[in-house]
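What follows is a pair of complexes built around subunit A, which joins subunit B in one and subunit C in the other.
Showing the complex of A and B:
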């Protein structure tokens, strides 16, 4: 299935080095660009207590986190994960359950959700990442079905009726109204961490190995990239922050049930966003998430399209895959080659 | 004890229909290494064609088979030109994404039109009684039709010029092109046949169980399991894989809640893939 290892392929793997390796990450312009984006997310809704803007940015932050973590697998290592929603949903369940049933403080429950889901996916990853290419993609569809069936039958998590959070848990955060702001800032922080993580991985040796796997897995293995371990690590890393976002998201909603937690629409949208912005790029995915969120907001309010959101997402994905496989950043890179140095 | 045997026999009957569905998936995979992620939705398409033709037009349920077969073929050829043609020769990731995108659009249109309500086509056929157990007539007839269509596909692939050309394309596309086979046309025909098989199996499943617009996911997963059991790109193996899956379901259903069946099947899918990366009855490249 993989193309044979040609000398050209080997060469591509070897010369494809990030341009700024070696320098401390904090001195690079791109690091400060991410910081600027995070600052904008924090400051703009806080001015004048703009709740409407906050809700729309909150959704954008969720999209950016999910998409940029999916990008670690899809864009870097070239493995499609159709079931990234599992991380989000399981994280939400673990967090809501710990907060509600065991009175854990929110931050500790979030950490437990992140670590728990990450560890679980590392174990899963060792198994299913032995499958290559399309077979891995198929098994990620199965994982969604499996986890959903498990949760629906698991009585401590309320089975198919889910868990309601009692309003009392918002008290330590200063009441429901303030808790919403706390959750929002935490979400923006996680979004920022996702972007830093994507960037840090891309410029590291680990990321170089992942990109090599994405280009030609056999060639990468021959050149000494420990492919099984790298893939499992990337899979596990891509689970950590989405699990925390899931925890925050469902804590905010004060309610979780299987059909919301494992709603395939969200992992589908993450794929569309990755392809829209340009798989394998950090900027593109963030930009794609923001644009998609705006588009979605428009579609939901328009009368014709509100029932056909999936159709529009599908059509968009099809057009990108058929005609613009490089996505938005692919277009920008080819038009303005200089941007390749600044925008990762 | 007798109950288990009856359950196993019924499992085989239903398994033959699953096998037919998987043949559609494995045919496309065998000819062009493309995994058709619209497969589940095409199965649902067959179910809804049955529902509309039988309920709205009043056709007898089993007479909808020819129109579903032809309609499925046309839809499949269209699918090839829209989503698959440009993906030939590109990384497998791309064809997964393009068929996934088409699937999204179809699901979106389906849920927009019909919501997620449960539909049901009632078929009344006399059952076959053995002792205390009665096997529903619909199950027997569906299994017989599935076996018949599978047999016809086998004859088509091995005895006709077009079928042989299709196998040649599967075996080596460039060589086939060199001896004058119009490969692009044959790839389109292969997708057409694959979707037609999915549609017909959906129509047959529709006579057995109630269905919704979203039923396709479960049946698609079953098709993948069957394909893996039967060997990729091996239609005859797919029928055997279907029977194996049916036996498994028959053996498991009396003891396990229904919602776990899919999980067990999926676990089997991963385990078999890890142990036999090319499927158990692997026969790559020959169809």
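Showing the complex of A and C:
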């Protein structure tokens, strides 16, 4: 991603620092910061059985998971993936189908969704990761359209009318009301795993290789970074947890159809979130996802802005790209350089 | 004598242009081999063939007993072959230390992150960038970026280093510094294949020189022999003043600082 150096670009300089550090991950403050966030997500809605807060945080957890995993490709390896929704949608379909048609326990169906979608992405990845820049981005849109067209015509998955889950599947989880809580806690766990994964990769040799690819792929290859394997691995890893989140999300809704599962809007929103928070950072992307979800919730419910959130998202993206290419964290890092040590 | 690097009838064609034609040469362990020739002679293409950016159309390249013909760059890097670029290619948003850590991590030793950082530090000291270790590559001067190229390649602990015009664009003081760095690298037992347009510099650095023209080997030998070779002077260098300059140098080595650009 070579670009002329503008004053705005200086801000991006502050982020994307791979931490070259060796201490065991549990001894690092950032690990405990993630743990704290997860604990807050678990405890606050549980106090007083606050269902409204739970639903809001549930969406935030979905956004954080999707954006954090997208960040592995976008922020680390520098590949813009418009197809992250495919991981989510396919994961949803595999899980709902296995639970509904074959009576698989939810946990097993989720695992199958994660592994299946990851494996599929690895194969896709080897193919399309030969492309770079805009060509890669376009091919990922092609994958969304292709998969959606396939599912719309795939009878075992109900074609374009989708799959309804029978309420009976909630019985093993203690009935629908308790199942909602179980799904919520599972979602928060997956969100936590996403954050740990983003952090662990960023501070690893693998992460250093990805960041090198993101900055100059040819130079990285010449220095010995096995670029095709690393890119395919990152692409595949970025599919695993979103597929599980898709499974949980559509299991909770008890219904899945192609237009919901493969809605390009969610992919775009995930990209906006990464840019808003600061691509390549773990904190920024999580914070961006939370803020975006809050903003979206406000816009959706306010009378003046109802169904206006995409217009706002578009305007936001434009403003960020033009004036704050480093996003929220770029701004924070440049104002408070010391935060770079603590906040990845 | 087994060669560290051996090229056997290597050829590369780009469409109608034969960039490198049936080129063969051997390089010994510990040697500094200079590669000169006019623009378009195929020098950089040759580097790209050796380190796997391009696959040759014909011939074989053997490095340290391993046939590396047509292998991918990251595979060749693992065998212990590193290079710098004529146009610097730093990871701009990484610090100097991080840049070099990439080199150390994925180079010959395939080091884990922590040990790679130590190797990177060492390379930074050799390249004379120790006071810049925490600077983002973006903020380095051209001379700094050239040194970073060198440090990053060195951090990989290669057996053979390909240097592509590391002196170009530097001022006399910087050139002198860089020549010192190159000598220090050789003293560590690393073989160097170097492309350079600064005649006096390459004549004084190299143990042996190969002259390329139109992708073919025109001459090969010690610097003084090459400089006196009438074929080189007449057919390739052409300019009699330049020939005079080279011969003058071969007889009495000039100080590095006065190197002139050809």
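Rule of thumb we're sticking to: the second predicted complex is superposed on the first by the 324 of 344 C-alpha atoms of A that agree within 3 Å, B and C clash if a C-alpha of one lies under 4 Å from a C-alpha of the other, contacts with A are read in each partner's own complex, and residues count from 1 in each chain.
Here is the rule we use: a contact is a pair of C-beta atoms (placed from the backbone, for glycine too) under 8 Å apart; a residue touches a chain by one contact, two chains touch by 3 or more.
Nothing here was measured: the structure is a model prediction, and the numbers come from that model.
A.B. asks: Considering only the touch criterion stated at the top, classify A:108 as touching first (subunit B), second (subunit C), both, or neither.
C.D. replies: So A:108 meets neither subunit B nor subunit C here.
A.B. asks: Applying the document's definition of touch, where does A:171 land relative to subunit B and subunit C: first, second, both, or neither?
C.D. replies: After superposition on chain A, A:171 lies in contact with neither partner.
A.B. asks: Output check: A:205 vs subunit B and subunit C. Expected answer is one of first, second, both, neither. What do you get?
C.D. replies: Touch partner of A:205: subunit C, not subunit B.
A.B. asks: Where does A:300 make contact in the superposed view: on subunit B (first), on subunit C (second), on both, or on neither?
C.D. replies: Once the two structures are laid over each other on A, A:300 reaches no partner at all.
A.B. asks: Between subunit B (first) and subunit C (second), which does A:39 come into contact with in this model arrangement: first, second, both, or neither?
C.D. replies: Touch partners of A:39: none, neither subunit B nor subunit C.
A.B. asks: Subunit B or subunit C: which reaches more residues on subunit A?
C.D. replies: B
A.B. asks: Quick check on the superposed pair: does A:310 touch subunit B, subunit C, both, or neither? Answer first, second, both or neither.
C.D. replies: first
A.B. asks: For A:218, is the partner it touches subunit B (first), subunit C (second), both, or none of the two (neither)?
C.D. replies: Only subunit C; A:218 stays clear of subunit B.
A.B. asks: Need the overlap of the two footprints on subunit A, from subunit B and from subunit C, as residue ranges.
C.D. replies: Touching subunit B and subunit C on subunit A: no residues.
A.B. asks: Once bound in the complex, which stretches of subunit A touch subunit C?
C.D. replies: 2, 5, 12-13, 15-18, 20, 22, 204-205, 208-209, 211-212, 215-216, 218-227
A.B. asks: Residues of subunit C touching subunit A in their complex?
C.D. replies: Subunit C reaches subunit A through residues 51, 53, 72-74, 77-78, 82-83, 85, 89-95, 97-98, 101-103, 105-107, 110, 112-114, 116-117, 136, 138, 152-153, 156.
A.B. asks: Residues of subunit A touching subunit B in their complex?
C.D. replies: Those residues of subunit A that touch subunit B are 1, 78, 80, 82, 127-128, 130-131, 133-135, 137-139, 141-143, 145-146, 149-150, 152-153, 268, 271, 275, 307-315, 317-318, 321-322, 325.
A.B. asks: Residues of subunit B touching subunit A in their complex?
C.D. replies: Residue positions touching the partner: 33, 35, 82-83, 86-87, 91-94, 96-98, 100-109, 111-112, 217-218, 220-221, 224, 257, 259-260, 262-263, 266-267, 269-270, 273-274, 277.
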